[in-house]
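Just below sit the structures, each encoded as structure tokens.
Heads up, the next two complexes both have chain A, just with different partners, chain B and then chain C.
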Partner chain A sequence: MTGALVLSLLNAAVWACVIAMVSLGLTLIYGQLSIINIAHGAMYAIGAISTFYMTAFLGSWAYSLVAGPLIMAAVAVVIYLATLRYRIIGYPMATTLIISYGLMFILEQTLFLIFGGAPRNIPNPLPFQVPLFGRTTYSGYRIFAAMFSLAIIGALVTFLKKTKLGLWIRATSQDHDTASAMGIPVPSVYMFTFVLGSVLAALGGVVVAPMTSITPGMGHDILIDAFIIVIVAGFGSIPGTILSALILSLSNGIFSVFFDPVLAKGMSLAVMVGVLYWRPEGIMRY
Partner chain B sequence: MEGRVVKGSVILSRIALVFLAVVVCASFMWGTCNAASSKDPIVIGGVYDLTGPLSTHGRGGSMTAKAAIDRINKAGGIAGRPVKYIVEDSATDPATGLRKLRKLILKDKCDFVLIGVNSGVAVGAIPLAKEMNTIIFTEATARDITGKKGNRYVFRAIGDAEMAAIAMARFARTELGKNAYGLGADYEWGHSVIDMAEAVFAKVGLKMVGKGFSPVGTLDFVPYLSKVPKQADFLVAGYFTNDVLNLVNQAWEIGLRKPVFVGSVHSIRYKDLGPGADLVWCGTYGSRSLSGYPQDVRAAQKAYRNAVGLNDEGWDKNELSAEYIWAGWEGVSWIKKGVEDSGWKSRDDNLKFMKALEGATVKTSIDFPTGGKTMRAEDHQALTDIYVLKAEKGSLVTKARVSAAEILPSYPPLVDFRKE
Partner chain C sequence: MSDKTVYKPIAFCAVVAFLVAAPHFLSLFYKQLLIEILIFGLFSLGFDIIYGFTGLLNFGMSVFFGLGGYMVLLPILHWHAGIWTALLICIAACSLFSLCYGCLIARFKSHYFVAFTIVVSMIFFYIAMGQRPITGSDEGLTIKVPALDFGFFTLSLYNTMTKYYFVLAICGLVFLIVRRFFRTPYGRAIVAVRENEARAQLIGYNTRNLKIASFTLSGVVAGIAGGLYVLHLGFTSANSFYWLWTARSVWWTITGGAGTLVGAFIGPAVLVFFEDLISTWNPDFYLIIMGAIMILMITLAPDGIAGLFKLRFSRREK
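Our next item is the complex of A and B:
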């Protein structure tokens, strides 16, 4: 039982880190632009699929750590300039919701045309096993994935707190009119934030690609978890998002040791409902 | 006064006569219009999962069905009538599939409907088929479709989970061990694979030491795999496509080095199975490679593969693999046979069609490129061979063929639709 608990908690902690990184992209885009980005899951899939091609053609997963975000950034700039920049300020949230819903279909079907529907895998780039107990081991790559995600989250928080651009982002999210009056280039900040949020989703895909099978529709499940995390966190709250991801994943991990994993998922969602009942405005307000 | 009454009744009689004549003419014209003329197309609908987790199966089944119809039309159609094919996407969602089925029957006036591999759609379609007097052919392999959930309007052109379990049990006994742990996708087919394996294993002295189910599209199998007990010698996995990849790779990551007998390896490449690839087995409904078929079937199989664009290794240009998708092709061939043998003209003749196929036997030909077989009279189940594939030496090789004749003694019909 102790061994299963250790394995389960370790696994839950790894997923918490990865999902927190993906969810931060979602919360950044919402906090700044008030866009509920339904296409976030497709962006995650773009990261994973670009990783597949990088690994296939260049022979190393490591290239995708740079190429994946760059490809996503280019796509995000096009999406922003072609659609969202005309529909952010002064439009109801439903407008951007519909746009992002349509974008999700366009991105997924484009990926489907390029990649095909058959699931693919890439070789584990760090194929060492960490011994846990008995014959049970744990993937060294997964531990790396968690560390990498934590490093990205740390870099993001530092960037937002310590840099001028980070200050502009925070100022614009609080009051874009005042920020504009103070000389902050609000449209550029908006675009940058959208690109940054999209890149976080793609990085999630890059990191997860060696852990799961890759398909154009792979973003659906993680999108649902990411939305739950962001809602419970309080839309726009970065520390709340990290805490919320930890609560969801760890509660799921603990329950799955004692109960059927499907029931455990339901119970962990019940915990999230309880948290939302306790703090309907979100775990944290900032 | 009396004369007026008589005159009035004569006028009324004449009006009634004219009305009757009009009704008779209209009925005749209506009947003429609705009777299928020899040039009217036979409309075959297809409800396939063209998108979603089952899309590789769905696109493959629809592709071979369309290729069969194109070939039939080039050769003059079925009983001299052209065949029209209308396909709808069920998006791997039973509710969507049933909505599309209604549309195909009510709006497009399909005479027959092919239902893809999605057992959720197939099970929902069975009562609708009877209600709307439309015969369906399905590729879904959950046992109950030609069992207690079936009816006389349903035919299955492919084997099912119980047949696969019977073939699997033979190999399990000699190669894998005595104790199995079942893990399946939490829907009709996933449960059917595990339940059938459990039932068949019990008859041959194997034991299912535990079982569990996870949602379709499970991202992380570690919580499920951590429950596999030590005494399990191998896993039976009722999963398909990306779930298989995740299960096999993640089992390796946590040090679970046990053979896995999976329900489907459709469109899965050896290298995508990762370092644990050589632990993977599959009991399925056809051979991926041409060389895996018996010598007497290969010529027909080769002609079929040329027609649908599959190479000898079993891949098409869209990376769909061969071992499962032939059921669309043979489903159309069964419809052709049923129409021609029964003299079927319209859905009014459905009973004649059913009787013609019940117990029908076909020989190996390009129409039936997986070999000769019988459509069992009682439950409308095609008695097909089962192929045991194993991942080794860089591909999924055919280790054995278990013939329908070998399976049949352990596979009696559960129902007799002819008594309906």
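Our next item is the complex of A and C:
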């Protein structure tokens, strides 16, 4: 029982790191463009599916760490230029939501036509085990996945806080008119943020691909998780995002030891609703 | 006399005449499609009440749709209830549920409201998925739809013609009730909340109660739609709680024109028809084409199809 609980909690912690990264992508896009990006789940699937093809054709999973984000970035630039730049900013939330819903249809169906609907797996690229205590061991790849996600989050924080472009992004999301008056190229910043957010989703897919079965619709559930994490965290708070991702996945991990996994998922969302009810402005104030 | 006052009754009579006469000249397939359009229109009407008229983006409409469906299905399955009893149970359960739900979340605004509703709908989805003995999980439950009992004679709903008129009657009734409601002073006050909540408060309205009233009405309307859909298919599953249903109602309403009652029906009428046309023409690319249509429609007509007409009429009036 204790062993199962520890393993479940470890899995949950790994998952929290990955989904915190995906959620940060969602936050960036919402904070900048006021779009609830429903296509975020499909972008996550793009990452995972490009990983599948990298592994199948180039023989090594490692290529996908670079290629997945690059493919996603290219797709995101096309999406932005084709749809979002038409003065979407300032439209009501439901309207922009429909646009991203349409994007989700297009992306998912394209993936479906390329990849097919059947779930597929890729072999574990790092098949070693890390000893924990006694005879219990833990998958080395999962530990790598958590470390990688945390490193990306760290890089993102540094980028936003220390570089000029990061400063521009923060300024534009606070007040785009003033930012524009200060000489910041606001349209380019919008596009860059959209691409950056999409790439974070795709990276989530790349990291998750060896741990799960890959389908074009794999992003449906993670989208809701990411969205609730973003809201509970309070928009734009990075420590808040990590904390709320931890709350969601750890409570899910604990419940799934004792209950049916589907029910556990519902219960962990109920915990999040409780947190949201207690602190509607977000769990962290900074 | 402006154009608007002339056109409106004419258009209204034409639509009613078409809807009443439609099953006599349409093929069976299109009759079924029209039934679905009416039900989806009712579902969108539920969303339109809360979004278009009250200004709250409820992204958890699937809760009511799924709940209404199960509240019709379960009494018929377990107690062999008649259709009227089942519908009454559905309406009672949905109004009680949405009233309590509304009281809990009336204090939230904008994206917090969106988040709250979406998560509640997902909680219902996961719970329904987990309770296989009660809900049938994703395989769902099937019922034999009982006959319509009018006391001295009965009509079978397996006759498409009867089913069509039954659905049309209920949709028409609900539509007229909602239309009447938004012309009463109380209904007007709800629209005032959408326009400017602070000002409505200053005038002396209890905006919280207004929002709860609108939320309840929207929940009941969507619940009835869910119930009718179950009577139409004789089947429901836990998937009726999934957020994609909500997204569809949002899409239909916005395309039709949020904030207009007819818009809620125009949206599904156009889109479900298109969807059918394109999916039979090219099943592989149909979702891609639908996605493109969605984006184009929203970009070209952000106020929806009804919004286009409104614009034209109001320009002429000047």
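A few points about this structure:
Rule of thumb we're sticking to: the second predicted complex is superposed on the first by the 270 of 286 C-alpha atoms of A that agree within 3 Å, B and C clash if a C-alpha of one lies under 4 Å from a C-alpha of the other, contacts with A are read in each partner's own complex, and residues count from 1 in each chain.
Assume a residue touches a chain if its C-beta (ideal position, glycine included) is under 8 Å from a C-beta of that chain, and two chains touch if they have at least 3 such contacts.
Predicted model only: the values in this text are computed from it and were never measured.
When the two complexes are overlaid on their common chain A, residue A:G102 makes contact with chain C while staying clear of chain B. With both structures placed on the common chain, the touch criterion links A:T178 to neither chain B nor chain C. Legend: residue contacts after superposition of the two complexes on their common chain; A:T136 is shown touching chain B, with no touch to chain C. When the shared chain is aligned, chain B comes close enough to touch A:T212, but chain C does not. When the two complexes are overlaid on their common chain A, residue A:V273 makes contact with chain C while staying clear of chain B.
Contacts of A:D260 after superposition: both chain B and chain C are touched. When the two complexes are overlaid on their common chain A, residue A:G117 makes contact with chain B while staying clear of chain C.
On chain A, the patch touched by chain B and the patch touched by chain C overlap at residues 112, 220, 260, 262. On the side of chain A, the complex with chain C involves touching residues 30, 36, 38, 83, 86, 91, 93-95, 97-99, 101-106, 108-110, 112-113, 220, 224, 227-228, 231-232, 235, 259-260, 262-263, 265-266, 269-270, 272-273, 276, 280.
For chain B in complex with chain A, the residues that touch the partner chain are 51-53, 55-56, 59, 186, 212-215, 217, 219-220, 222-224, 226-227, 241-243, 245-246, 249-250, 253-255, 257, 267-269, 271-275, 318-320. Contact residues on chain C toward chain A in their complex (touch as defined above): 51, 57, 59, 108, 110-112, 114-116, 118-120, 122-127, 129-131, 243-244, 247, 250-251, 254-255, 258, 284-288, 290-295, 298-299, 302. Chain contact summary for the complex, chain A toward chain B: residues 4, 7-8, 11, 15, 112, 116-121, 123-124, 127, 129, 135-139, 142, 211-213, 215, 217-218, 220-222, 252-253, 256-257, 260-262, 264.
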